[in-house]
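Quick one: the structure is below, questions incoming.
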Amino acid sequence: MIRLDNVTKIYKGETRAVDGVSLNIEKGEFVFLVGQSGSGKSTMLRLLTAEDAPTSGEIHVAGKDLGRLSSWKVPYLRRNIGSVFQDFKLLPNRTVHDNIAYALSATGATRKEIRAKVPDVLRLTGLSTKLHNYPDQLSGGEKQRVSVARAFVNHPPLLLADEPTGNLDPHTSLGIMQLLYRIYRTGTTVLVATHDSHMVDRMRRRVIELRGGRIIRDEASGLYAQREQTTDEFGDLLDNAYHDLGRSD
Amino acid sequence: MRFTFFLREATRSLRRNAVPSFAAMASVLVTMLVLGVFIPMVQATTGAANEVRAKVLVDVFLKADATDAAVERVRKTLTQDTKYVGNVTYVSKAEAYAREKKQNPEAYALLGSNPLPDTFRVTPDKAGNVGKLRDELAPLTASGERTVADPAIDEVKNRRDETTKILSATKIVKLSMAFLALLLVLASILLISNTIRLSLFARRREVEVMKLVGATDWFIRWPFVIEGIIVGAIGGVMAIGLLLVGKVAFIDPLKSDFSLIAAPETLNFGVLIAVLLVASVAVSAAGSGLSLRRFLRV
Amino acid sequence: MRFTFFLREATRSLRRNAVPSFAAMASVLVTMLVLGVFIPMVQATTGAANEVRAKVLVDVFLKADATDAAVERVRKTLTQDTKYVGNVTYVSKAEAYAREKKQNPEAYALLGSNPLPDTFRVTPDKAGNVGKLRDELAPLTASGERTVADPAIDEVKNRRDETTKILSATKIVKLSMAFLALLLVLASILLISNTIRLSLFARRREVEVMKLVGATDWFIRWPFVIEGIIVGAIGGVMAIGLLLVGKVAFIDPLKSDFSLIAAPETLNFGVLIAVLLVASVAVSAAGSGLSLRRFLRV
Amino acid sequence: MIRLDNVTKIYKGETRAVDGVSLNIEKGEFVFLVGQSGSGKSTMLRLLTAEDAPTSGEIHVAGKDLGRLSSWKVPYLRRNIGSVFQDFKLLPNRTVHDNIAYALSATGATRKEIRAKVPDVLRLTGLSTKLHNYPDQLSGGEKQRVSVARAFVNHPPLLLADEPTGNLDPHTSLGIMQLLYRIYRTGTTVLVATHDSHMVDRMRRRVIELRGGRIIRDEASGLYAQREQTTDEFGDLLDNAYHDLGRSD
């Protein structure tokens, strides 16, 4: 489904956001992409949707070489990829309903299909009451859920989710994660960039960790942090730190 | 189905993007209003200038002993065989005498006989050709003398002073008008497309997002083009409405005072409306469609 | 310190907001260019019209037996005591005879003596006052007859036909020009402020954020006003540069052909530049400052 | 420092985003604001900065009745409040450095002060290398840290942080939290709206929980979830849910 060959993305001639990454993700996999803030997760996802072009290296998505894809074919590639953007990227002049309907129409759906599908995904993401709100009338978490709903409304074979639960409480996060999982179960390849260690640790899926644009870990059923011991160590570290915060009061 | 979708998109966008849509509409309205006032005024002004230019003419004095046959021959030469001729009027000896006497009774009262010759007053086809017309009728010989085109012609004259002044004045008026018309049309196109580009700029993020969810360029572009058509049409229609009100309220009552221009202006009002409407719609539709290109590169 | 901060802010914004700044500048440039071409053309056209209007005059024929003293008295009446008088030229019997003879040698050859009277050719102060001037010089009595203002005057005449035509034609030209000038100035102001409002609209989120981090309204506004001044000045200067190039390249070589307009146009070019520059700067600074108001309500 | 009397905010005549809230926060307190997505946390913070006006009720911030504050005084109020916005609200046409410098200049700081303070906060938030990046050249987490840096650069007596760690990995989150704690220790009143249960549970500070715009809990040293037992129960619930996700594969 996804193949990267020695892909590098250099911004402004200095920042190596993605640095010599080679990677293979099969059809039907569920993969977590983790790493510190600024480690290159979003950049990698942007490369996969042809939003950015790599400085060097080859990228194949759904059997297509993005470097050779003529620009008028890019929209057809994107119809096969559902994207949840870290900054949501909602259309400010459309209601929640119309934002999702637009994504459907863009892929050629009829009005009937739209009428059938949109209310469904809105119910699944808990947005039924916000149907007619404009994006600036939504809370942060609600916007995020609209972005999620839009990404999978037309059941794409590939789903890229960038921090889909960053603005959500644990309960709602769980709901979204279950949704992604359900989508994955229908055969969709899912790639999730996330900081939600709790979720990654419990789901035990393939984990790819980036640092400074390089892959430093690729485990078949990994944890958020490097090794199990380290996770605990890291957890203890955090605990102590917070404890110190509390005590020094 | 596709078209109704695009149409719905366009009208939705008009409603939700009040400021940019309104700005584009205002641009169309203002420039069309200026053009709509300007074009009839150009007509009126050049009409007035032409009216003044029509006063430029060449007097062809016949010999005192010209026979009726000779007069007819000269008339034929003038109307059929001479270039640059516009209009020919015959003023007989007697008519000329009566006219002059009315203007200068003292002088002519003292005259026993009629000293005035038969005359053809010839207007050139274009006022600027008055010199050439004279050369036709009274060619210059190699030695620099003037001969005449017909033996019955005694002399060919035009009043040099007045003629040059009137010609150069009206030429300035007409040239100014033509130049201004061109300039204004260009400026209108520039200003409208400038506004449209800016109003698309205000919505570039939107276009970016549309591309990212898989919309093709034309899927994004059509609603903008239709929006441009609607904006152009509304702006154009409003401009035409205001022009009509202005015409009925100000021009029509004055028409009797300016009888010179009444006729051509009235005749062209329908055409003017059509031209303005088509122009405003075309410019804003094309502006929307073309300006979008740079924001589609995502 | 404060001012340099605002200035730095304004220039930074110009560099970083290329599209809106450029659009505003283009608007200023285009409208100023139109105005800059238009204003001298108005001058030229009305100059030309005036030139034609100057041909309108009243002939004051004196009695054949008028003494030199009487002539002087009439001249004094005309130049000092009569309203609506513009210019007075005296044509003596002898001059008139010589002139007429040159135009109509046959007729005058037959005349022994000089039948023509002494004449004053009087131009009215404004061409439109030609009728009133005549009434001054030859007042209508209650019975509808004409008397004369001085016993030495025999008759007062103007050539009615031509006069009315020329008057109405030039009136149209001048009215059109005045109206168009007003319309264009209004349209320019509208279009420039429209563009500026739109370019501020494209940056309304920015203004919102500024307010949220504790900036006061004027702290936000000043850089925009200064930016408006810079945009207006650049647009204005570019327009003036183009106008100068146009003047040197096209108008100056033609000047000899259009001697009528050369003088007033050249004289006013400096003033024109100043007016355009001040206008463009003022309109865009005020536009920026005022349009901002609606985005400051956070 | 903050007093709310029966404050209600109704959007579009139906959504009761904040519903009859009365609340008192003393000078020098550290308070967590928690609650599900859409429970009214951001709305409450917006009311405190006079960005929105309440539909009814009285709000006092720093001794001023916001309902009676004339609009030209609002900027002076805001200079005493540092705000971290959920959607960052950075100026798109300014670099990281200039974004922070602008907030300082707006409060009347001299160039010298700016030169002294800005590099400091950028170092504290780990952004020293991103000084000259524009916001659209930053990762999500980096933007969030710029927003944090801007909020406390002029040491305001009141700091409102809306989800300051939503886009950050646990390690960077900890750094930001320590920063907030340090600011609090200097006497600043800090109010943090967050979904980070780990952090809330470890810091044991005052917790105010909202649901549907109403305060349903206000504990002096509380946890993210209602009671300690419940926290565990909820945690178990989550664990089981994720476990199910993993097993059902």
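Note that the chains are named A, B, C and D in the order they appear, and that numbering of residues resets to 1 at the start of each chain.
In this text, a contact is a pair of C-beta atoms (placed from the backbone, for glycine too) under 8 Å apart; a residue touches a chain by one contact, two chains touch by 3 or more.
Note that this is a predicted model, so its numbers are computed, not measured.
Enquirer: Please report how many Å separate the Cα centroid of subunit C from that of subunit D, as a whole number.
Expert: So the centroids are 64 Å from each other.
Enquirer: Report the inter-centroid distance (CA atoms only) between subunit A and subunit C in whole Å.
Expert: 68
Enquirer: Hey, how far is the Cα centre of subunit A from the one of subunit D, in Å?
Expert: 25
Enquirer: Could you put a whole-Å number on the gap between the CA centroids of subunit B and subunit C?
Expert: 21
Enquirer: Specify, in ascending order, the residues of subunit B that touch 2 or more different other chains.
Expert: There are none in subunit B.
Enquirer: Could you draw the chains as nodes, link the ones that touch, and say if you get a line, ring, star, complete or other?
Expert: ring
Enquirer: Which pairs of chains touch each other in this structure?
Expert: Every pair of chains meeting the touch criterion: A-B, A-D, B-C, C-D.
Enquirer: For the complex, give me every residue of subunit B touching subunit A.
Expert: Its residues touching subunit A are 1, 5, 12-13, 16-17, 205-206, 208-217, 219, 298.
Enquirer: Looking at the complex, which residues from subunit D come into contact with subunit A?
Expert: The contact residues of subunit D facing subunit A are 11-12, 34-38, 41-43, 86-87, 137, 139-142, 145, 162-163, 166-174, 177-178, 181, 185, 195, 197-199, 202-204, 224, 234, 238-239, 241-243, 245-246, 248.
Enquirer: With touch defined as at the start, can you tell me which subunit A residues reach subunit B in the complex?
Expert: It comes out as residues 49, 51, 72, 74-76, 78-79, 81, 83, 85, 89-94, 98, 102-103, 105-107, 110-111, 150.
Enquirer: Show me the residue ranges of subunit C that touch subunit B in the complex, using the header's touch definition.
Expert: 19-20, 23, 26-27, 30-31, 33-34, 37-38, 41, 44-45, 48-49, 51-52, 55, 64, 100, 104, 106-111, 113, 115-117, 162, 165-166, 168-173, 176-177, 179-180, 183-184, 187, 190-191, 194-195, 197-199, 201-202, 257-261
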